[in-house]
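Next, two complexes with chain A in common: one pairs it with chain B, the other with chain C.
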Partner chain A sequence: MTGAAIEANGLGMTYGRKRGWALRDCSFRLPAGRICALVGPNGAGKSTLLALAAGLLRPTEGTVRVLGSTDRAEIRPRVAYVAQDKPLYPQLTVADTLWAGRELNPATWDADAADRIAAPLPRDAKVRTLSGGQRTRLALALALAKRPGLMLLDEPMADLDPLARHQLMGLLMAEAAEHSTTIVMSSHILTELEGACDYLLLVDGGRVRLGGESEDVVAAHALVTGQVRDLAPHTVIESRTTGRQLTALIRPDGPVDAAAWDVAEPSLEELLLAHLRSPDAPPLLTPSAHAREAVAAA
Partner chain B sequence: MAESAAVEFRIDRRSGVATYLQIVQQTKQALRLGVLEPGDRLPTAREVVEATAINPNTVLKAYRELEREGLVEARRGLGTFVRRTLGSAAVTTDAPLREELVAWTLRARAAGLDRDDVSALFTAVLDSTFKGDPHT
Partner chain C sequence: MSTLAPPRPSPSPTGLRGPARVVVRQHRLVLWASVAFLVLGAAAMVGTRLLTDRFADQFAATGCSIEDTVHGCGDTVRSYLDDQYLLHTVQSWAGLAFLVLPVLVGAFTAGPLIARELETGTYKLAWSQSVTPARWLTAKLAVPAALLLAGLSVLTAAFTWARARTGSEYSIDWYDTPAFVTTGAAPVAYALLGLGVGALIGLLVRRTVAALSLAALATGAVITVLASVRSALWPLRTTVLGMSADDATITLPINPWVVRTGQFTSGGERLPVDVCWGMDVEAEQARCMADHHITGMFIDYHPASHFWPLQLVETGILLVLAALALTLAFRLLRRRHG
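Coming up: the complex of A and B.
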């Protein structure tokens, strides 16, 4: 069995007692080698979760183990984190920024990768003169050239035009294919990530509500339509009644009666929207997404 | 770098067909059309994902499926290579089957079926005959 890239146990974070919990009671596991979509509405706790995994924040409670370690000084060299605002030094040129990347990561720096990704950028331009999309490209060049075991990208594609998005996503996927890098990408637009990701974490209201292989998470649900009647023993996530017709998203417990219901597989997007509209639906983690320490302790 | 790959894949995200199946189907179509021949190298997972921005595991899943069907083989460190062609011999040169189908089609037209009727009937028979077979 492969190890975990991230394993969180009872992870919680608050930025001050008065401001409530940004993240609370999060336990999940992300197996190594996956490309994970971290989705959720604005303010759900996605950025907090990424900053905790990057070792930039100290959790208020619980632990997060990254690439097998909980020591933040040990984690940071092996993780690349690109924050939402792409923090770079505005006074440095592109060339200076890449030089600094090499000096700061002497052991692992991949100059070819850095040059390849940064190729369209003018070398002598100061960072402050770059467009948002160009800054994203430079930040991704630094992150990839570091050759990390885990890449944490907060809204990486938000500033990019469709062509640059496709190209940079292709580069990320190529890196992942070649080096088995684990990648976590956050977005509140799922379609941006759907084809690229094979793992899913839905964070909402500071909690993890869905976690696991995208295929398995989808397969655990069914969209049923039929005459209004009781859906027990299945778990109903969301249901809607129009006249005599009932439409519901359920988590089947055993086979669904195909004579009584028209059964279809929901799309990932339908699934996420249904969960976001139904905050009381129970969370679902597939077996690979269960934190092992929690299992052992239980 | 080895010799360049013989085909490239187009991924249609709106088709509703699973991405890995699109790769399987396009490979088979290339085999049927003779675009791919035994000994040809399929693009590496890296090449495919760099061009299409899809997940690498999706490509590997498609190649495993093609390998399971005996159409391609993975050679360690070299890539994935075509082992055999698909059905083209029977489709183009099996005259008796073709003749029977021509005769049947002429009878169908004589019986008053138009092109769409014939196509619908043929598809229905095809579906029921091959029901349960994988990916056909």
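Coming up: the complex of A and C.
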């Protein structure tokens, strides 16, 4: 069994008593080597989860184990994190920024990777003069040149045009594949990540609602259409009736009666939207996404 | 600027490593300006000393003396004293600069150095490299601390050297605030206080302008409070002047710092010096004094030999406050961000 890139146990974070919980009771596991899409609506807790994993925040409760360790000093050199707003020092030039990356990551810095990714950028331009896309490229160059075991990217593609998005995503995937880096990318637009990711975490309302290999999560659900009738023993996530016709997204418990129902595999997007529209649907974690300690305790 | 930034590995001219070098590059402009300011300040001090010497030599050559303005020496003496006074003014301003410097250090540390990173989110970049927040803060503070330590040592030496000569005509008295804040380790201690207060407020307030203003206020407040309680930092000496003719001689050392004068009663109670002032008739005044049972006068003072004890206690207090602020700052950082 491969190790876990992230393993959260009862993870909770609040930014102050009045503001409620940004994240609550999160337990999940992300196996190493995966490209994981962290999806959820705005304000779901995605950024908080990533900042906790990056060691920028201290959890209010619970633990998050990253690359097998909870020692932040040990984790820090092995994790790269790009925050949503792509923070960079505006007064430094592109060359200065890459130089600073080398100074701050002396043990792992890959200057060739940094130069390769930042190649299209004007080296002597100040960061404050760069466009959103150029800033993203520079931030990714810093993150990749660190040669991390785990990359945490918060809305990495948000301010890129489709062409640049495609290009940078390709670059990211190639680098990740070559060095078997685990990547977690958050987005509130699934289509941005679909196709690139083989793992899925749906965070909503501060909780993890779906977790596991994309294929397995999809396969655990079925889109059924038929005459209105009881769907027990299957778990119904969402159902819609049109006249006498019932369409439902279910988690089958045992085989679905193929005579009575038209069964189809839902698309990932249908699956996520159905879950977001039904906040009371029970969470689903595939076996690989279960936190081991939680499993042992159960 | 970019010409100064070779992206290839190169031996550091400053001998600094990692985060400290990054801090230097980030704040290149301010650091260079500070170096220029310190060099200019030291040069100005050396300049006043040399000019003072020259004016004194020229004046000595004229054969005139300040005590004796006859024989056509009037203009020469006046011109000499004007020159001396000008130099004294320069030194007074320099003394004031020593007081303003810690306020500026506090404001810069709190605002541009720390709160701006927290406000604009660049701390997320800094802390997601292979450097812990504690090392980041250490580097942020070590760079200005090293610069201040080196610069202020030179500046203090230059100022002390310059002041040593202009003792004759107009001088900063040993008990004036500028004398305390420009001597020995006090300038460095004041700067470290600014650094500590700035670090703590920067981390607490997290907004550039607010942190900058608050740190300037806080540092200024400490300076003001210390100046107002300075005379109490070492035990005062008291000399007493009795009413009878035998006791009516004051025994004060040369150039004392008179902190308080007043009258005392037969019961040992202390009264202000002016209780019986403003009486027209001498007999009336005598009656007033008798009514109050006033038996003599006292003078609380510091002799000049108290300068170093007073100064060292002040420096010690500053260092303790600076250490306290820095400890709190690091603990706050660790508690919030690990």
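Please note the rule applied: the second predicted complex is superposed on the first by the 298 of 298 C-alpha atoms of A that agree within 3 Å, B and C clash if a C-alpha of one lies under 4 Å from a C-alpha of the other, contacts with A are read in each partner's own complex, and residues count from 1 in each chain.
We adopt the following convention: contacts are C-beta pairs under 8 Å (C-beta built on N, C-alpha and C of every residue); 3 or more make two chains touch, one makes a residue touch a chain.
Bear in mind that the values here come from a model prediction, so they are computed numbers and not experimental data.
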Touched partner set for A:Gly101, first chain B, second chain C, both or neither: second
Chain B versus chain C as contact partner of A:Asp198, first or second or both or neither: first
In the superposition, chain B vs chain C on chain A residues touched: C
A:Ala220 touches, of chain B and chain C: first, second, both or neither? neither
Which of chain B and chain C A:Arg76 touches, first, second, both or neither: second
Partner chain(s) touched by A:Val256 [first = chain B, second = chain C, both, neither]: neither
Chain B versus chain C as contact partner of A:Ala174, first or second or both or neither: first
First, second, both or neither for A:Ala164, with chain B first and chain C second: neither
Residues of chain A contacting chain B in one complex and chain C in the other: none
Complex contact set, residues of chain A against chain C: 51, 54-58, 72-73, 76-77, 79-83, 85, 87-89, 91-93, 95-96, 98-108, 123-124, 139, 142, 146
Complex interface listing, chain A residues touching chain B: 35, 166-167, 169-171, 173-174, 176-178, 194-198
Chain A contact footprint on chain C (complex, rising order): 1-2, 5-7, 9, 17-19, 21-22, 25-26, 120-132, 335-338
Residue ranges of chain B in contact with chain A within the complex: 11, 13, 19, 44-46, 49-59
